[in-house]
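Below is a structure I'd like to ask you about.
A, B, C, D, E and F are the chain letters, set down in written order, and residue numbers restart from 1 in every chain.
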Amino acid sequence: MRVDGREKNQLRPVTIETGFVKHPEGSVLITVGETKVICNASIEDRVPPFMRNSGKGWITAEYSMLPRATETRNIRESSKGKISGRTMEIQRLIGRALRAVVDLESIGERTIWIDCDVIQADGGTRTASITGAFIAMATALGKIQDEKKIKKFPIKSYLAATSVGVVKEHGAVLDLNYIEDSSAEVDMNIIMTGEGEFVELQGTGEESTFSYNQLQELLKLGQEGIGELFELQKEALGKLADRI
Amino acid sequence: MRVDGREKNQLRPVTIETGFVKHPEGSVLITVGETKVICNASIEDRVPPFMRNSGKGWITAEYSMLPRATETRNIRESSKGKISGRTMEIQRLIGRALRAVVDLESIGERTIWIDCDVIQADGGTRTASITGAFIAMATALGKIQDEKKIKKFPIKSYLAATSVGVVKEHGAVLDLNYIEDSSAEVDMNIIMTGEGEFVELQGTGEESTFSYNQLQELLKLGQEGIGELFELQKEALGKLADRI
Amino acid sequence: MRVDGREKNQLRPVTIETGFVKHPEGSVLITVGETKVICNASIEDRVPPFMRNSGKGWITAEYSMLPRATETRNIRESSKGKISGRTMEIQRLIGRALRAVVDLESIGERTIWIDCDVIQADGGTRTASITGAFIAMATALGKIQDEKKIKKFPIKSYLAATSVGVVKEHGAVLDLNYIEDSSAEVDMNIIMTGEGEFVELQGTGEESTFSYNQLQELLKLGQEGIGELFELQKEALGKLADRI
Amino acid sequence: MRVDGREKNQLRPVTIETGFVKHPEGSVLITVGETKVICNASIEDRVPPFMRNSGKGWITAEYSMLPRATETRNIRESSKGKISGRTMEIQRLIGRALRAVVDLESIGERTIWIDCDVIQADGGTRTASITGAFIAMATALGKIQDEKKIKKFPIKSYLAATSVGVVKEHGAVLDLNYIEDSSAEVDMNIIMTGEGEFVELQGTGEESTFSYNQLQELLKLGQEGIGELFELQKEALGKLADRI
Amino acid sequence: MRVDGREKNQLRPVTIETGFVKHPEGSVLITVGETKVICNASIEDRVPPFMRNSGKGWITAEYSMLPRATETRNIRESSKGKISGRTMEIQRLIGRALRAVVDLESIGERTIWIDCDVIQADGGTRTASITGAFIAMATALGKIQDEKKIKKFPIKSYLAATSVGVVKEHGAVLDLNYIEDSSAEVDMNIIMTGEGEFVELQGTGEESTFSYNQLQELLKLGQEGIGELFELQKEALGKLADRI
Amino acid sequence: MRVDGREKNQLRPVTIETGFVKHPEGSVLITVGETKVICNASIEDRVPPFMRNSGKGWITAEYSMLPRATETRNIRESSKGKISGRTMEIQRLIGRALRAVVDLESIGERTIWIDCDVIQADGGTRTASITGAFIAMATALGKIQDEKKIKKFPIKSYLAATSVGVVKEHGAVLDLNYIEDSSAEVDMNIIMTGEGEFVELQGTGEESTFSYNQLQELLKLGQEGIGELFELQKEALGKLADRI
C-alpha cells in the first residue's frame, strides 16, 4: 500500500467547486488530495498583437503558487523580478492544452485568460490546474454564450490531466502526491480529451530512465485515472455539460 | 442609507477563519464584506543581514492580489517584473504596524514573514490584511511558544485596522467598500492597539482636502469600528487570547 | 533645548531660491536647515494614456537623492535597476499633494512633471520637496499663463508641508532634523492648504504608538509651522503671489 | 516523398565536428540538415550552492540562437533583458537529459556547463543540441580523466535525441525540418540511451491531438532514428568510445 | 620578436569567408589570428521611431560573445538580464563606424541590423567585427540593389579597423593578440576609410599615459595595417568591389 | 566669431567651487559656461571582490543627469530600470582616467567612489566631470592623509579634460557648447596629465570623417585648453596643490 493508503491505480479524492470567487467569468477551486488550486477564467475583448485581424481568439494561462503553498516558504516571483523556468513551462503547458479542445474561431477576437493560483501544494499542481481550468473556462464560455456574445459553444471535447510515475517500492502508480513525486524515478504528465486522444505526454526520467514496457503501463494507469476525472468534471458542469 | 444598506458607523460583516492553509505556522482567511484575504505567517530561523547579531527578530510583510480579485483583470506583478508603488506602500505599512505590537527581542533572531494574498477585493484590502495578519502572526507565535522555542509570548497588545472616509452624500462613514472608496473625497486608514493608541494614521484628500473638524469625526468612527474588530479577533484566537 | 538649540515649535531656517537651473519652466532650490532639494517643474504638452481625451491635465512627481546626499553613500537606484519602496511612497505623496490644489481642467491636456532631487539630506526631505515643488510648479504655470497657453491661473490654494514628531527628551517637536528623526518615537508628516485644510496626514509610531492627546498636540505644532512656510512661499513667488 | 525528398523514416544528413572552438574542454559543431549548433562543454571546479558538500557534481545547460539563425531576425534575449519561456524549457531539457547518463558522484564537486548556440536553424535545434552536447561533454570528461582529475569515466550510456511528428500529407515522419515542423499536427521529442531506454518523451498536439496507435508509430520511428545517431556519435568519439 | 613571432608592424593572418550562414542577407566569418567573429547583416523594411518619415535609413549593431569564446567561461548577458558597459560601448562603436561610410538617404527607410557574434576570442574582437561587418553589410546592400529595391549602391568608401598599442618589451606594435593586449600600457583602436580618413580614434592609457610622439608612431602603424585589410576586403567582395 | 562670441581657441568661463555639499569627503561644483556638474568623492574602506587581498585600492565613477538638466526632460534611468549605453561609456571613461594619475597601492584597500551629477547641461558634461572629479578626489585624499589613514599623497599628476571638434563654419574649435556639439562633424575628447601626456583620446566622425591634418590641429587646440584648466585646478586646490 502507498504512503497514504491508496491502491496503485487510485486517484486522491477530488472536489471541484464552481463560482469560488465572484468577479471572474469562471472561477473554480479544485482540490486533489491536499493540493488546492484556484482557477479563474477571464474574458477580454481583444487578442494579442500577433493574432489581430485573424478573426480567431486566443487562450493563455498564468500559473503561480502562494509563497507558503509549500512546506517551506518560497520567494515570490514578483519580488525576484522574474518568472522561473518551471513556472514558464507550466503556464505554457496549460495554455497549449486548453487550446487543443477549443474552436478558436468560434470565440472571435477574444482572449481567455486562465489564472491558476496554487494556495496549497501536495504534488500534481499542474495537472490539477488543467483539470480545474477546463471547468473555469467552460463556465466562462457558457456565460458569454448566454449573453449571445458567441453563437456556438466552442468547446469540442472534455480535457483533463493527471500524473503517473514509477516509485521505488510500488512500481507504476497513479496521481503522485508530493512525497511520492519527490522520490519518483519516472514522472509523467498525461493530458487527454474526452475522446480518449492524447493532447500532451511528458515523461521524464529523473536522473533515471524508463523502458518501453514501463511506458505502456504508465499510459494505461493514466487513461483510467483521467476517465474518472471526466465524470467529476461532468458533474461540476451541471447543465452546461449538455453543450459539449 | 449607504449603498449596501449600512449605517454610517457600521462595519461590514467580518469573519476570521484560522487554520485555512495547512503548511504555514499561522494561516487565516479574513472576510470583510466581499473582501477576502488569505493571511499566512511563516517563521524563519534567521534575520535579514541588517539585523544579524542584534539578538532581535524581524517582521516583514508581502501583499499581493490575484489578477482577478478585481472587477477587471490586472497584470501580475511577476509578469511585469516589478512591484507597483501601491503594493510597496501596503506591504511596508503591514510590516511596520505588526512590529509596533511585538517585542522583537523575545522572538530571538527569527523572521516572521507575513503573506497577505487578496483573493477577492471590494475595498479595504490593506486594513483587512492587517487585522487578519495579526491573528495569523499570533497563531504562529503561539505555536513556537508551545514548542518551547521562545519563552515569553511576544505580543504586547491587540492590533486591528479599518478605513474611514468622507463620501459625498453621507459625509464621514466607516469601513468603505469599493464603490464608496472610488468616490470618496477623503480616505483614511487607522491602525490602533488594544490599548486605544494609534499605530498609524494615513489620511488623504483625493484631489480634495479635509478640515480639523472632519478629522475629529473620522477618528471617532474609526476608534469605534476598531473596538468591534478587537472582539472578533479575541474570539478567533480562542485560548491563545489569554496570552496577550 | 533641542540638539541644534531650537525651541520645540521652531522651524529650521528656510530659504527658497527661484530660477536655480535654467532649462525647466520652474526651478527652485529649497533649503530647510541643512536639507537642500532642487525642485524642477517641467511642462509637457500631453498626458499619460489613462488621461487622454479627458480634457484634463495631470501632475506627477519623481524624487531622488544624490548618492552622497547622506552621511554614508547610497547605491543609485538606476544601478540597482529598481526604485525602492521609500522612493515610490514619497513620489506618490508629492504628486497627490500638488494635485489637491490645482484645477486640473484649467491646465488642459498637459502633464506637469515635478522632479525633486535631494542634494543634501538632514531630515524632512519629503516635506521640503513638497514646499519647494509648489513654488516650482507655480512658476511654471505662471510662465505658460504669460505665454497665453492657459487662460486662468489654475492654482486654487497655497500648499506646504512639514514634519512633527515625538522625541524622547522633548516630547512633541516641530520640523525634525535627521538626528531627531532617527530617534523619534512618532513621526508625522502634515500637508496643508493656505485655507488651513489638511491635504494629507501621515502619522507613524516607529515600533511605538501615540495617544489621542499626543495627536492633537502634533497637529497644533504642524499647523503653526506650516503657517510660517506660507509666508516664505508668498515672498518667494513675488508678483505671482497675486494670482493665487 | 517529403518536401526535401526524404523517406518517412529517414534522418537528414548529420555531421559531428569535434574540436570546433579552441578554449572549451569539449567543443562540437553538429549539423543536422541545415540546422547547425555549436555545443561547448566547460568544466568548472565548483558546484552551485544547493549542491555544496554533497560530494556530487552537476550538469547544467544554456541554449541560445544567434538573432539571424532564423528566416527573420529575432531580438536578442540579452537586449530584451529576459529569457523566453521556450529557451528556458529547452535548456532545462538539455541539462536533465545529460544528467540521466552521467554518474554525478564520479565527477566530484564540479559543474559541467553545456552551451548550445544555434548558428543556423532549420527545425530540430533542441534534439540536435542534445546529440551534439553529449559528444562535447564526453570529450571534456575524457580530457579531465586524462589529466587524472577523475578516476572513472563517468558516462554510463550513450545519449541521443530526435524529433518525430505527424504531418498532414505524410502521417508519421522522422526528423522534421522547419517547414514540416511548422505544419505538423503532432510534434514529439524523444531522448534515449544507448541501452534503448527512454530518458524523456515530450509529445504535443499542436491545436490537435493524437491517438494511442499514432503514439506507437511515432515511438518506433524515433527509436530507429536514434539508433543511427548512436553510430555517428561512436564514430565522432573515436578512441574515447571505448570508455563508455 | 613578439610572442607569436610577428614583426611590430605585422598583422595576424586574416581570412574573410562570405555566405557563412544561409538566412541573413549578408553573412561573413572573419578570422584574425585566433579571433573568429560571425558578422551577419539583416535588412528590415522599417526604421526606429526617431527616424520615421525622415526618408533616411539606419544602421545599428549588436555584439556578443559566446560564453566560452574566452579562456574561462563568461556568464551570458541574457542570463544576467543586462548588457555590460563593455558590450554597449562596442556595439555603439560598430554602428557609428558603419554609418560613416553609408549614404543613409540612398537606402530609404530601412534598418540594417549588424550582428557580430564572437565565437572565439584572442584580442581585437571589436576591430575584427568592424572589418567583417563592413563586408556583410556590403553583401546585403548588393543583394537588395540586385533586387531593385534601391537604385544606387549606398556605400561611399571602404571601412576597416585594427588595434595598435604600446607593449612593454616591444614599444608600439600592430594588431595586438590577447596576451599582448592584457599587458599593454596603451591600447588604441583605429577605424579608417578607404580614402585614408579617420572615422574613429580611441586611445587609452591603461593605468598609464602616452606622449605625443608615441601617438604619431601608433597612428602610422595603424594606417599601414588598415591598408592591408582593404586589400583583403576587396578580394572578399569579388565583383561587388566594383560598385564602391 | 562663434555662436557665443568666443575665439576658436577660447575656453568658456570655468569656476570650481569646493566644499559644495557637506557629507562627502570631497565635493565640487564645477561650472563650464552653462554646464554645471556636482562632483562628489566618497571613500569606502573596502574594495570590490575582484580586488580583494591585492593590497591596492580602486577608483570607480558614476555619472547621471538630472531629468531636466537638458532643454527637454529626459526619463530617469532609475525609472527605466537600466542605464543607457551613453551613461555607461561616460562613467567607465571617468573612472579609467582618474585611475591613470593615482598610485592605487598608496591608498590601500579602499574604494574612491566618484559621483558626477549634471544639474545643468550645455555640452562638454563628461570633460567637465573629469576636471571637477579630479579636484573632489584630491580633496578627499588630502582629508584621509590629514587623518593619517594614508602616508603618502597618492596623486601622481594633475588631470583635466576638454573637448575639441570640427564645426562647419569655424573648422577646428575648442570646448564646444551644446549648439556647436550638435552640429559638429568631428568631436574629440582629450584627457591629459599635468606632464603633458595623453590619458585618453576619443575622436569620432559623426557620420563624417577627419584627416590626419585635422587631427593634428585638434590635438594642438586641446593641449592649450587643458593647460589653462590646470591653472584653475591649482587655484581651486589651494594648499593641497603643494602635495602633487
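Simple rule for what comes next: a contact is a pair of C-beta atoms (placed from the backbone, for glycine too) under 8 Å apart; a residue touches a chain by one contact, two chains touch by 3 or more.
Bear in mind that the values here come from a model prediction, so they are computed numbers and not experimental data.
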In contact with subunit E as well as subunit F, sorted by label, we have none
For the pair subunit A and subunit F, the C-alpha centroid-to-centroid distance in angstrom is 60
Distance between the centres, which are taken as Cα means, of subunit F and subunit B, whole angstrom: 51
Give the residues of subunit E touching no fewer than two other chains, as numbers and ranges. 81-82
Successive chains around the closed ring, taking subunit B as origin and subunit C next: B, C, F, E, D, A
Spell out the residues on subunit B that touch subunit C in their complex, using ranges where they run on. 82, 85-86, 88-89, 91-92, 96, 99-100, 104, 188, 193, 195-212, 215, 219
Footprint of subunit F on subunit C - complex, ascending: 21-24, 27, 34, 36, 38, 40, 42, 44, 62, 64, 66-71, 73, 76-83, 87, 113, 115, 117, 119-120
